[in-house]
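Just so it is clear, A, B, C, D and E label the chains in written order, and each chain counts residues from 1 on its own.
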Amino acid sequence: MDLASVIGLVMAVCAILGGQALEGGSVGSLVQPTAAIIVLGGTFGACLLQFPLAVALTSFKSIVKAFVEPKGDNKAVIQEIIRFANKARKEGVISLEADAQKITDPFLKKALTMAMDGVEPKVLRETMELEISNLEEEGEQPIKFWQAAGGYSPTIGILGAVLGLIHVMENLSDPSKLGSGIAVAFVATVYGVGLANLVYLPISGKLKIKSRSHLIAKEIMLVGVISILEGENPRLIDDKLRSYLSRSEQEEEPQSNATGQRKAA
Amino acid sequence: MDLASVIGLVMAVCAILGGQALEGGSVGSLVQPTAAIIVLGGTFGACLLQFPLAVALTSFKSIVKAFVEPKGDNKAVIQEIIRFANKARKEGVISLEADAQKITDPFLKKALTMAMDGVEPKVLRETMELEISNLEEEGEQPIKFWQAAGGYSPTIGILGAVLGLIHVMENLSDPSKLGSGIAVAFVATVYGVGLANLVYLPISGKLKIKSRSHLIAKEIMLVGVISILEGENPRLIDDKLRSYLSRSEQEEEPQSNATGQRKAA
Amino acid sequence: MDLASVIGLVMAVCAILGGQALEGGSVGSLVQPTAAIIVLGGTFGACLLQFPLAVALTSFKSIVKAFVEPKGDNKAVIQEIIRFANKARKEGVISLEADAQKITDPFLKKALTMAMDGVEPKVLRETMELEISNLEEEGEQPIKFWQAAGGYSPTIGILGAVLGLIHVMENLSDPSKLGSGIAVAFVATVYGVGLANLVYLPISGKLKIKSRSHLIAKEIMLVGVISILEGENPRLIDDKLRSYLSRSEQEEEPQSNATGQRKAA
Amino acid sequence: MDLASVIGLVMAVCAILGGQALEGGSVGSLVQPTAAIIVLGGTFGACLLQFPLAVALTSFKSIVKAFVEPKGDNKAVIQEIIRFANKARKEGVISLEADAQKITDPFLKKALTMAMDGVEPKVLRETMELEISNLEEEGEQPIKFWQAAGGYSPTIGILGAVLGLIHVMENLSDPSKLGSGIAVAFVATVYGVGLANLVYLPISGKLKIKSRSHLIAKEIMLVGVISILEGENPRLIDDKLRSYLSRSEQEEEPQSNATGQRKAA
Amino acid sequence: MDLASVIGLVMAVCAILGGQALEGGSVGSLVQPTAAIIVLGGTFGACLLQFPLAVALTSFKSIVKAFVEPKGDNKAVIQEIIRFANKARKEGVISLEADAQKITDPFLKKALTMAMDGVEPKVLRETMELEISNLEEEGEQPIKFWQAAGGYSPTIGILGAVLGLIHVMENLSDPSKLGSGIAVAFVATVYGVGLANLVYLPISGKLKIKSRSHLIAKEIMLVGVISILEGENPRLIDDKLRSYLSRSEQEEEPQSNATGQRKAA
C-alpha cells in the first residue's frame, strides 16, 4: 500500500469538502449530476479520441499501481546478480543454466539466456536496450493519458460553466433563480479543476516516478549481465551496480554486503 | 475502424449536448451561425496563413486516418524479413530479386533493392535513415496543423465573445435584450474551446500515436535489411526485431515463431 | 505568390468583420485609434527593446516572404549537382571551374570553390556546416521576432482594456456612458488577441516552414559537393540526395531522371 | 545564513501586508482559516498523491537549505586535490591512503579509494558518473516537489474562490452579506497565488541553484581524481579545475596559488 | 548606445501613457504608490528568495548592457588571429609571447598562453570549452533573473488587484467609492503586466542576444588558437572563422581581406 497516495487523496478531498462545510455551505450543493456528465463525458471522450482503446484500458488499470507499493527491490536484484557473477567466475557462464530457468523477471531471463547462448556483449546490449526503451514507451502511455486528462478536464469544466451561464442569461427575467443557476454553473468548474489537480495530474506524476524506478531495475539487470558476460570482478560489478541505488538505500545497509564480496573476491 | 476514436467523439458530443438538455436548456440555443463563422473562419484562416496549402489539404484528409485502423502489422513485417533472411543465408542476397519485385511497401522495396545492388551497409543506412526522418517530418505536418488549430481556436472563441460583448454594451439601453445578447456571445467561447479540446487536439494526439507506430515499422525494415546484408543469423535478427514489438504483441504469440527459427538456424 | 497565405489572411479578416456585421454591429465601432496606439506602440516598443534594430527591420521585410513563393527548387538543385558529379567523374573535379563561376547561389559556389582548391572533405564539411548553422540562426531571427510580437500583443491588449476600464470606473457617476466606455476598452483586447492569432503567430509559423525548406536545399548542396569530392558514383549520389525530397516531390517525376543517371553511370 | 533568501521572503511578505494596510484594509481580514484549510490541504494532498512519502519529508527538510549558506567551497576542494596530486606525483597514488581515510566527503572518498585500489580510469569514471547522476536525481526531487506545489497552489486557490462564490450565490437574497462573502472567497486566491509565487516557486529555484553548485563540486572531485590517476601535471590539473570556478571566484584570488603551483611544477 | 533599446522603451511607455491621455484619463490616476509597493516589493522579494544576492546585483547592473552597444567586434578578432597565425607560421608559436602580453581579453590571453606553454590541442580545447560553458552559465544568470521577474510580476499584479477588490467588497455599503476603489485595484494589474511585458521580458531577451554574440567571439578565439597550434594554413583559418560571422558582416567587406590572405599564403 502506497501510504502517501492514500493520505494525499484523502487529505485533498477532505480539505475541499471540509472547507465547503466550514464556510457554512452544504456539501450536497456540490453534487450536480449534470455537471459530472459534461466534465467526465467530455474529458474521457477527448481522451478516447486521442488514445487507442488498449491504452485507455491500461491507464484505468494503472490507477491501482499509484496506490500499491511496487514489488521490486533493487537491492535484492543486485544481490542475485552478484551471486550469478561469483558462480559464473568459478564455473563459467554456462553454469547459470539452471538459475536462469528459475528467474521470474522476463527481462533478466532473456538477457541471461542470450548471454549463455554466446551472443556478443555488443549485440546483447543493443537488443536489451531496445527492450528497455520499449518498456519505457509502454510505461509512458498511462502517464500521458492522465496528463492529457488533466489538460482537458479544466477547460471542459469551464465549458460546462459557460453552458450553465448561457442558460442563466436566457432566464434573466426571473432574478430569484439567478444565484442558484450561477452556483450550478460553477460546480462544473469545481469538478474540472478539482479532478485535474487533485486526481489526474498527481496520479500521472506518481506513475512517472514508479515507472522510472522500474526502468532502473532493468538497467541494473542489463549492466549486471553484460559485466558477467565480460568476466568482470564481482566486487567491481557490485560497486558499479550500487551506484544505481539512491543514497538512502546505500546507507541503510552500510556496505556490509560489499565488504563480504571484497573478501570473497 | 478505430473504435476508440468513434466512441470518444460520440461520447464527448453527447456529454455536452446531453448536459445542456438536462440543465433544461434547448440544444437549439447552441446553434449560432455567426459564432461559427467567426470561430471557424478565424481558426482556419490563421492555419492557412501558417501552413502551405498542400499541408492544409493533407491535414483535412488525415482526419480519416484518426478513425480507421492502420493496415500495417509489425509482426507480419518481421515474419517476411525473417523469411528473406533465411533465403539470403542459403541462396545469397541476390536470390531475393523476385521477392523484392512483389513488395508493395516502397520503403522496404528501396532498401532491399539497394542491398541487392551491392550498396555498402553504411551508405544504405544513411540513405534510408534520411528517408525515415523525411517520413517523420511529413507525418508531423498534420499533427502540427491540428495542434495549431487547437491553439488558435479557443483564443478566437474568446475574440468572438468579446465582439459579442461589445455589441451588447453598445445596446445597454435596452436591458431586455441584455441576457440573450450575452448568451449569444458565450456560444463563440463554447465553439472555440469545445472544438479545440474535443476535436482538434485529440485528433492531433491520435495522429501522433499512429505516425509513431508507422515509423517503427520502417525502422524494423531498415534494421532487418541491414542485418540480412551483413549476413547475421536469422534467429538473432528475429530476437532483435521482436524487441521493437510492444509487450502485448510479444506475449500474444508465445515465441513459437522464434522457436521455429531457432530450429531452422 | 503564396496562395495559402493570401487566402488565410483574407478569410480570417472577413470572418471577424463579417461576424461583427452579421451580429448587427457596425464595423466602424471596431476602429479605435487610441486602442491601436496602445496595442501597436506597446507591442513593437517591447519588440525593439528585445531585438537589435537590424533584426527588427529584417523581420518587417520578411513579411513579404510569407506571401511569395520561394524561388528555390530542390529538384533542380539535385539535377545540377548530378550534372557536376558526372562531369567531375569523367574530367576531374578541376573541370568544374567554369561552372562554379556561373553559380548564383553563394553557398554552393563557396563549397565548390573550396572543393576545387583541394580542401579536405572533413574541413569542407566543418566550414560549410558552420555556414548552415549560421544561416539557420539568421533565419530564426524574424521567426522569433514575430513569435515575441505574438506573445506581447495579447497581454498589451489586456493592458489597454484595463486602462479603459479604469477610465470607465472613474466615471461611474454617469451610467449612460458606461456601456460605450466598456466597448471601447474591449476593442484593445480585440486588437491584441486578433493581431497575435491572425497575423503575428501564423506569419512566424509560415516563415519557419520556409526557412526549413531553404536549409534543406543547402544541406543537399553540401552533401552533394562532398560526395563529388569523394568521387562517389553519381547514381548513388542521386539516390542519396533524392531522400531529402518530400514523398510528393519524389513521386511527381517517377525516377525517370534517376534511371537516366543509372544508364549513364 | 543565506541573506538573499531571508531578505527576499521578508520583503515579499511586508510588501503584501504593508500594501494591504496602506490601502486602509485591515491585515486581519486576510486571515481566513477556511481558505487556508482548502488551499494548504488541497496543495499538499495533491503533492503527497504525486510524490513518495520520503520525497515529501525530504522536501520539507530541504526548505532549510534554501535559507543557509552551503558549507562547500569549491576553491578549497581544488586546493586539496592539488595537494593530493603533488603528493601522488612524488610518492605514488598509494601514498594517499592515510589522506583518504580523513576525507569527510563520501564521494571524494569513494573515488580516491577506487583509484588506490587500481581501478581503471574508464571504469572509475563510469561508476562515479553514475553516482553524480544519482545525486543529481535525488537533488531534483525537492526542486520538483516545490515546483509541483507552485503549480497546484494557484488553481486550488481559484477552486477555493469558486467554492466561496457558490456559497455567496446561494445566499443572494441577503445583499448585505454579499460583499463580505466575496471578500472571503477572494482570500483563497490570495493564499493560492501568493504562496506559489512568493514561497514555493522561489524556493524551488533557489534549491536548483544550490543543487547545481553542489554537483559542480562533485565534478571537480571526479575530474581531479582521474587526472591524478593518469599522472597529469598538477599545474595542468589546477588550470583545468579552475575553469569550473565562476569568474568572480577566479578573480578574487589572482591566480597566486596557480603561480605557486607553476613554480613547484 | 543601443538605439533599438532606447527607442523601444520610450515608444512603449509613450504608447501606454499617450493612450491613457487620449482616452481622456489623467496620467496621474496611474500613479498609485500602494500598488507600486505591492508589485515591486513582491516581485523582487520573490526574485531575491530565488537567486543569490550576487546574481541579483549583477542582474541590476546588467540592465545597462541592454542599452549600450557591445565593444567587441568579431571581424577585428578574426583579423588579429590571422595576424597571429601568419606570424606563428613564419617564426613559430613561441614568437607570439610579446603579443600575448598585450592582449586585453582574458580568454584569448589564457588560450594563447596555454598554446605557447606546449599544452596539447585536446587538453587546451577541453579546458577552454569549460571556460566557455562557464561564461555561458554566468551570462545566463541575469537572463534568468529578468525572466523570473517577468514571470512573477503579472501574478503579483493580479494579487494586488485581488487585495484591492477585497477592500472594495468590504465597503460595498458606500457605492460612491466603488468605482474609484476598483480603479485603484486595477492599477496594480497595469503595473504587474506592464513591467513584465514592456521592461523585464524584453530586457531578458536583449541580454540573451548580446550574451550569444559574446560567446561566439570566444568560440572564434578558441577555434583560432587551436588552428594556429595545429599549424593550419592562415587562409583556411580565415575561411573557417569567417563562417562564424553573420551574412551581413561577411558581405560588408567583400572578402578583400581573405583575398589578401590568399596571396600571402
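Please note the rule applied: a residue touches a chain if its C-beta (ideal position, glycine included) is under 8 Å from a C-beta of that chain, and two chains touch if they have at least 3 such contacts.
None of these values were measured; they are calculated from a predicted model.
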| Touching chain B and also chain E, the following chains | C
| field | Contacts common to chain B and chain C (chain labels) | value | none
| said: I'd like the Å distance between the centres of chain A and chain D, where a centre is the mean of that chain's Cα atoms. | reply: 25
| Distance from chain D to chain C - Cα centre to Cα centre, in angstrom | 41
| Can you name the chains in ring order, beginning at chain A and moving first to chain B? | A, B, C, E, D
| In their shared complex, at which residues does chain B touch chain C? | 33-35, 37-38, 40-42, 44-56, 114, 119, 123, 126-128, 130-131, 134-135, 138, 148, 152, 155-156, 158-160, 162-167, 169-173, 184
| field | Touch list for chain A against partner chain D, complex | value | 2-5, 7-16, 18-20, 22-25, 29-30, 66, 154, 178-180, 182-183, 186-187, 189-190, 193-194, 196-199, 201-203, 205-206, 209, 236, 239-240, 243-248
